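To keep things clear, I will list the structure first and then write my remarks on it.
Chain lettering (A, B, C, D and E) follows the sequence in which the chains are written, and residue indices restart at 1 in each chain.
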Amino acid sequence: MAETLLEVKNLVTSFRTGEGSLQAVRDVSFHVDKGETLCIVGESGCGKSITSLSVMRLLPSNGSIENGEILLNGESLQKLSPEKMRRIRGNKMSMIFQEPMTALNPVLTIGYQLREPLLLHHKLSKKEASIQSIELLRQVGIPNPDKRLNQYPHELSGGMRQRVMIAMALACHPSLLIADEPTTALDVTIQAQILDLIKDLKDKLDMGVLMITHDMGVVAEVADRVMVMYAGKKIEEGPVREIFENPQHPYTIGLLNSVPNVDDPEFELEPIPGNMPGLNDEISGCRFHPRCKFAMDKCKTDVPPEFRAGKGHYASCWLADKEAETVDNNPRKITLKV
Amino acid sequence: MTTAETLELKPKKREKYYVTTLKRLFKNKLAVIGLVIVILQILIAIFAPFITIHDPIRQNLANSEMPVFSEGHWLGTDNYGRDVWSRIVYGARISLVVGSVAVTLGLVGGIILGMLAGYYRKLDAIIMRFVDLLFSFPGILLAMLIIAILGTSLVNVAIAISIWSIPTCARIVRGSVLSIKEKEYIMAMRSMGASDLRIMVRHILPNVSAPIIVFATMRMATAILSTAALSYLGLGAQPPTPEWGAMISQGQDFMWSSPHLTIVPGIAIMLTVFAFNVLGDGLRDALDPNMDLQQ
Amino acid sequence: ESTIPEGTESGGSSSSSEAGDQGIIYASTTDAVGLSPTMTNDSVSSSVMSQIYENLFERNPETMEIEPKLAESYENPDELTWVIKLKEGIEFQDGTPFNAEAVKYTFEKLIDPATAAPRASLLEPIDTVTAVDETTVEIKTKYPYGPLLAALSHSNAAIISPTADEAQDLMQNPVGTGPFKFESWSQGDQVVLVKNEDYWDGAPTLDKVTYKVVPEVSTAISMLQTGEVNFIDALPSEQLSRVESLENIEVTKKDGTPVYYLTFNHSQERNENPDFRKAVASAINRDAFVEKLNGLGVRSNSVLGPQVFGYDESADEAGTAYDPEAAKQLVEENGFGDEPIKLLAANRDNFILMAEIVQAQLTEAGFNVEIETMEWATFLDTARAGEYDLTFLSWSNVTSDGSEMLYPNFHSDNVGASNRAQYSNPEFDKLVEASRTTVDQDERKKYLDQANQLMLDEDAVVVMYHGVVTAATDKSIKGLELDPNGQWFLQNVTRE
Amino acid sequence: MISLIIRRALQLLFLLVGISFLVFSSMYIAPGDPAAVIGGPTATESDITAIRDNLGLNDPFLTQYARYVGNAVQGDFGYSYQTSQPVADAIMIRFPNTLKLAIASMIVAVILGVITGLVSALKQNSLLDVSATTFALAGISIPNFWLGALLILVFSVNLQWLPVGGMSNPFYTIDGIKELILPAITLGTGSAAMIARMTRSSMLEVIRADYVRTARAKGVKEKNVIWIHTLKNAMIPIITVIGLNFGLLLGGTIITEKVFAINGVGRLMIDAIAARDFPMVQGSVLLVATLFVLVNLIVDIVYTYIDPRIKYE
Amino acid sequence: MTTIQEKSPLKSDILLELNSVKKYFPIKGGLLKRVTGNVKAVESVSLKLYKGESLGVVGESGCGKSTLGRTILGLEELTDGKIYFNEQEIQDLKRKEKKKFVKEMQMIFQDPYASLNPRQRVGHALDEVFKMHTDMSLKERRDSVEDLLKEVGLKPEHYDRYPHEFSGGQRQRIGIARAIALNPQFIICDEAVSALDVSVQAQILKLLKTLQEKYNLSYLFISHDLGVVRYFCDRVLVMYLGNTVEMSTVSEIFNKPLHPYTQALLSAIPRPTVNAKKERVRLVGDMPNPANPPSGCAFHTRCPIAQEICKVDRPAFIEHEKDHFAACHFAG
């Protein structure tokens, strides 16, 4: 049994907005072990980023954690003073963001921004920090690292900037790395480079990685375990192979069927009808039921609990309810080419 | 067929754009105060004859320089014995009319120039140089020169202020046009073969309206202030017009004996300008789509 | 800038103490234009210059008689000739002797068209100036010219030092024979004069005189109160009570020569209707207006004021008196209220005040009057060209001579120029000419009075008031002489 | 950078020619004759003609303008119609006062504006924020001619703390500073208010930026998040308003100099307009426009120091 | 349902043909803002598009895909080259004559949030198209608009709504409705589905396909998502730095890529299947600056098999196998 690094229990995060309070994350629990990669997948707006920002306690000013517990190495993060939390961020736990173009401060040099965590958390001298920064840049594969230190972010391409972000996040050898769609804004060729880099570094540093993405391809590439979110809820969780080969939740299935397969010319798309609900849409029962082909009456009224579907594989769907009488024509029997 | 399958969850709230804006505006207390003052002022201006008992230009030399809260003249009288309250009330008319004429003229000029400059690269350099030229004159000086040519009158003050608004307005419009021009819906209209005029009038103009509304509101404040300043310098309202700036200028001679003659119109100007400013500020926030996620 | 001598403290805000001994700081609303009598024609410049330069003659402020100043005496061998004897032993401040050559030089320079002097017309009647000997000047006029001595006492006819004028620009660096010498001038800020130790009539007590520019009168009064300045003049009537209430300040008033009047544009047909003029004149309550001036105005119908040569008491009540009922009737009968009347007013001095009150009174009588205010420059042009219906004019009579008032302002020669009223009346012209070409002063006075009465009978103008000249000084200042034309002299002023 | 300066110089040249033409023609067509002012009410027709001839006012417009430009190119900005003093001298005597006033007001405006703006941004929606915002909005709304008079009334006349007017002491003396306080406040309040508004909104905008979140994610101390990561970025629009406000300030000197009896270019300018003293109007307007362009050049240069993305090739 | 095999790419009737099309954007700089260089957004593109087919255009960001699309529509002025539409040269047409072709060629844009005027009701947006190009009466137009809305899976009631009342997918449907309003033969889809969520993306792709069958539409389908291209297109054109590097049928490209860039691109795609982990052709570095492209073969700076010759000679875009074009000295 691997050591649990991060544990999130019953997280509820909501926003104060002009239209009242909105729940962006609804009772989500998950954990990340040392040395493993957990992928959170889901479509835009389902609450992936907010979940990760909740963990970092970096929510926008109008957001707050309403409920739940977040434990890093068994220590509850919510109880920490802001100052203690600050010492953890960038040190034991760090984060990479989606937009490499805007995530770096345009008026500070790469060197300054890279040195910052080292000076803060490792109390290095400026000189030592510079030497380490160069080393970090080399690690993430940036050519001529010593020259880069005096450059500004706008002088670097998107891929380079994302590497700098990674270098910055890894500066203090965090035990947990949160990567919020680190490659979405990048070209495939660059994406491949970055994904490889994160994988390599993870293995080298034995980090836990919480990777957020909406791309099933990326999930397949990097994940050890996967958690699927829909409209603020976790709807399925399991080892990556289970999820791809034996998906339980109709949404997960739909997601897999919506992505054209490059390697399969015969593949036929099967879209999920309808649109993602808005945060403020009141939906009774299962939040997916209005779009679900297999929705039953129960789905409209009762929120499905988590059902176990295999080793470490859980799904929140009444169809996964083993105790219930089997439905005719089990929809889970889909043919997936693997 | 897939297309028919598109089912809707729940019809999204249908809310007109301005309704949303107004709702957001009403959340801003300061802006509401501004709006109330502005509306009050408009009402005062419209119903001036009904809320005053004295003719604002009727003199009564025997009753000159009466202090505030005098009988029959709750804000006192000036050195000609004219009722200060009546003059303030009728002054509101002048401020509003001159302000809105000036702002409207300035907008028309600014929008045309800004649109052309933003839309046609070739015209941009020429128009913007001209705009820079106007811009590098200190505003009040520009107004003074214009009044020197046209003569002293409120109409000319309005013209002068409008000319002085043109460069700022043109810049704002140009900036917005430049960014909107790159939007895909403009590209889409071009790909549909829409004429430039149609694109400018039907598609760009409505979308620069937000900054223009904000500008117009704020400019109203500036225009009222400038009208007062020019009248104060003796370049605006002709006596015995009850213009606030002119009232301050005249009252200043009596600062010692009758301070209310400057303080009352001063406060009137301040309140009005303040109201337009907060309203403009509030509108800017309310019209800013990013504001949705805040508060 | 070269005019500011190095090393002197050009500043002086803490001057109340600095000026404590024998200095005085005067605040004026505008800066002097220049300090050459030849080249300027404004009151601030002349108030500085009158301390530096002197004239051949001056009018005694008490007796209103013209007396020799730099001149010793004069005689008229014939109507066209004036032989003037000069005082001896006087030197300009630069050491140049004051003599007949200097006088000749000054007058010829003023008349010379190449000089383009703004007041060249002052000495226009002069034909030749001859230096008979060191101390005798002979002036020949083109025609008999009665007001010559008055003209010679005009500040623009002050005698300048020929050597200085040739060596330097008197506008910046004046040299005269007066009791004070020019020290420095920082444009727009202040002019400093110091005492002329060698003054021929005994050096003045004051060591230093500073003219400080303070554009806002209320600011100037505040400064007077705080001691930042210690002398201002021409107090606005609105501020009078405030100044009078200041403990450290003494206010001096004196009936003066300025006259303020409403005039018709006589080139207009409507205005040629005597009934129209009568209606206007009877609609205006001048007493009520003068009351507004808080004592800074003297009520009289006469065009030539009590302090002016040519005035006769009988003119006070002449002309049309205030009679609102009569005015209303005339207006109604003749439909004078139908067409709008443009009342032009320059936006300075008391013109706006007059305009507002008169407009209200005319409106009361049934006229339809609109005020149009203008900047001074535009006003001068507009009025000169006669583009108005009614306007206010004023005249500050520097020489206190009636011809000096009536000729430029109302003689038909000057229509299109200084006769802004566009007044043209052959009978009147004759009287004025006679007053000018007669040398006998009693005769002249008679002509002037007749001309004055004639205008009043015709309601050619409506006189609003005659000015009262004022000065507010720190109580420590003694001996200030105020001339009825508003000028003052510091020669005998002392500070305690 | 050099190229920026050269480009600005060219632009300035263009601007000056444009402005001088505009001023010249407007003064030409404006009613009111300089000769009439010089001659005064007593001048006769011949007096005025002589003066006009002497000033060359009877020449055709283009001749006059060409003559002016020709001389100006050689550094000769003409002589005042009124005082016949060289325009350059007249302006240079007054310019230091205007500059002193403008700089002092700018200092007041920047200090007051930035502090208020920062406070209200950092304490967003607090009582402090609301009062700072209200103050800022009130600041823009006060007519400065009125404010000046009130300040004199209170601080000079009643309390007698500060002199009423004038500006004659060097700025580094106590008296010199005292003289500057009231005019600088009068003139600076409006700009302070605008700067405060811009500071607030710019700070609020930057503080939501991704890179600020990145800084927090690194564990940067809150103090440094504000001072290093936020402020520098927020300064860019703030500096723009400061630059623009300098232009406004220059316009504002016209009234302030009048109220406080300061012998400056602003006052020179209105007096010159009133007297139709063309060369003086020209000279002072050109000076003010040049100053405006220079200040904006400085602003642009400051940009390059603050924002490395801005490069002027 | 048609399959790729059924739909032969070799239809004889060519709808659109490009002949070495170039589009440069001038770079202005220096004191006098003179042109100091060019961004060579489209360096040289030649292609043929058949009636009823979908031609995919793929390549990295900034390689000139969008510019190519806009240039074809005449939204950008052509720098050089020839464009034939229905065998007629259209690049130099005057405004009036062009109007005829405007009806035939339409575009669907990437950003569903930016491609509709936020202040215009969607009904009016569609109505405007008919107003500009037809002389239908108000009633006819209203009917047509409602038909259109139905056609793309929306409801007639949506006529009076503003764009912000729709989701991204619905907006994209409106964009499609606008594009098909005038019954065009040819539609350029510039990343028409990239901004959409996968679940919605699939819906839109289906819709586009349905419409294609119904109206025999031809698509120029610009995308950077190779999976989508494989699913949607008949033939593919691969671009790199403004150049065409490879063009062939989908199956050829995906099974037998000739150009090393295409190979790298294909191997970089993360595949949504757990087992498919293959060895990658790793590309180093980023795309060069189009203002200053490398000499010779533009790809040589990143090419794993580059030789000396690649630095000097630009390889020609030649047919290596039947209907399989590539620009590489070592193709195959």
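As a working rule, a contact is a pair of C-beta atoms (placed from the backbone, for glycine too) under 8 Å apart; a residue touches a chain by one contact, two chains touch by 3 or more.
Chain by chain, the UniProt names read as follows: A = Peptide ABC transporter ATP-binding protein; B = Diguanylate cyclase; D = Peptide ABC transporter permease; E = Peptide ABC transporter substrate-binding protein.
Note that the coordinates shown come from a computational prediction; the quantities given were computed from them, not determined experimentally.
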| item | value |
| --- | --- |
| Number of steps on the shortest touching-chain route linking subunit A and subunit C | 2 |
| Selected pair, greater C-beta contact count between A-D and C-D | C-D |
| Identity of the chain that, by mean CA position, is farthest from subunit A | C |
| Centre-to-centre distance between subunit E and subunit B (Diguanylate cyclase) (centres being mean Cα positions), rounded to whole Å | 47 |
| Rounded Å distance, subunit A centre to subunit E centre (Cα mean) | 32 |
| Where subunit B (Diguanylate cyclase) and subunit D are represented by their mean Cα positions, the distance between them in whole Å | 23 |
| Numbers and ranges of subunit E residues touching at least 2 other chains | 169-170, 203, 206 |
| Two or more partner chains touched - positions in subunit C | 218, 375, 378 |
| Subunit B (Diguanylate cyclase): positions in contact with at least two other chains | 2, 5-6, 12, 148, 151, 252, 255, 295 |
| Footprint of subunit D on subunit C - complex, ascending | 1, 10-14, 30, 33-34, 39, 41-42, 113, 116-121, 124, 169, 171-172, 186-190, 212-216, 218-220, 222-223, 225-226, 228, 375-378, 380-382, 384, 393, 395, 408, 414, 416-418, 420 |
| Residues of subunit A that touch subunit D when the two form their complex | 56, 58, 60-61, 82, 86-91, 94-95, 97, 99, 102-108, 116-117, 120-121, 152, 154, 165, 168-169 |
| Contacting residues of subunit E [partner subunit A, same complex] | 1, 3-4, 60-61, 167-170, 197-203, 205-206, 224, 226-228, 230-232, 250-251, 254, 264-277, 280, 282-283, 286-287 |
| Subunit A - residues contacting subunit E, complex | 43-44, 157, 159-160, 187-193, 195-196, 214-221, 240-241, 244-245, 254-263, 265-273, 275-276, 337-338 |
| Contact footprint of subunit B (Diguanylate cyclase) on subunit E as seen in their complex | 70, 73, 75, 98-99, 102-103, 105-107, 109-111, 114-120, 128-129, 132-133, 151-154, 161-162, 165-166, 169-170, 173, 175, 178, 203, 206-207, 210 |
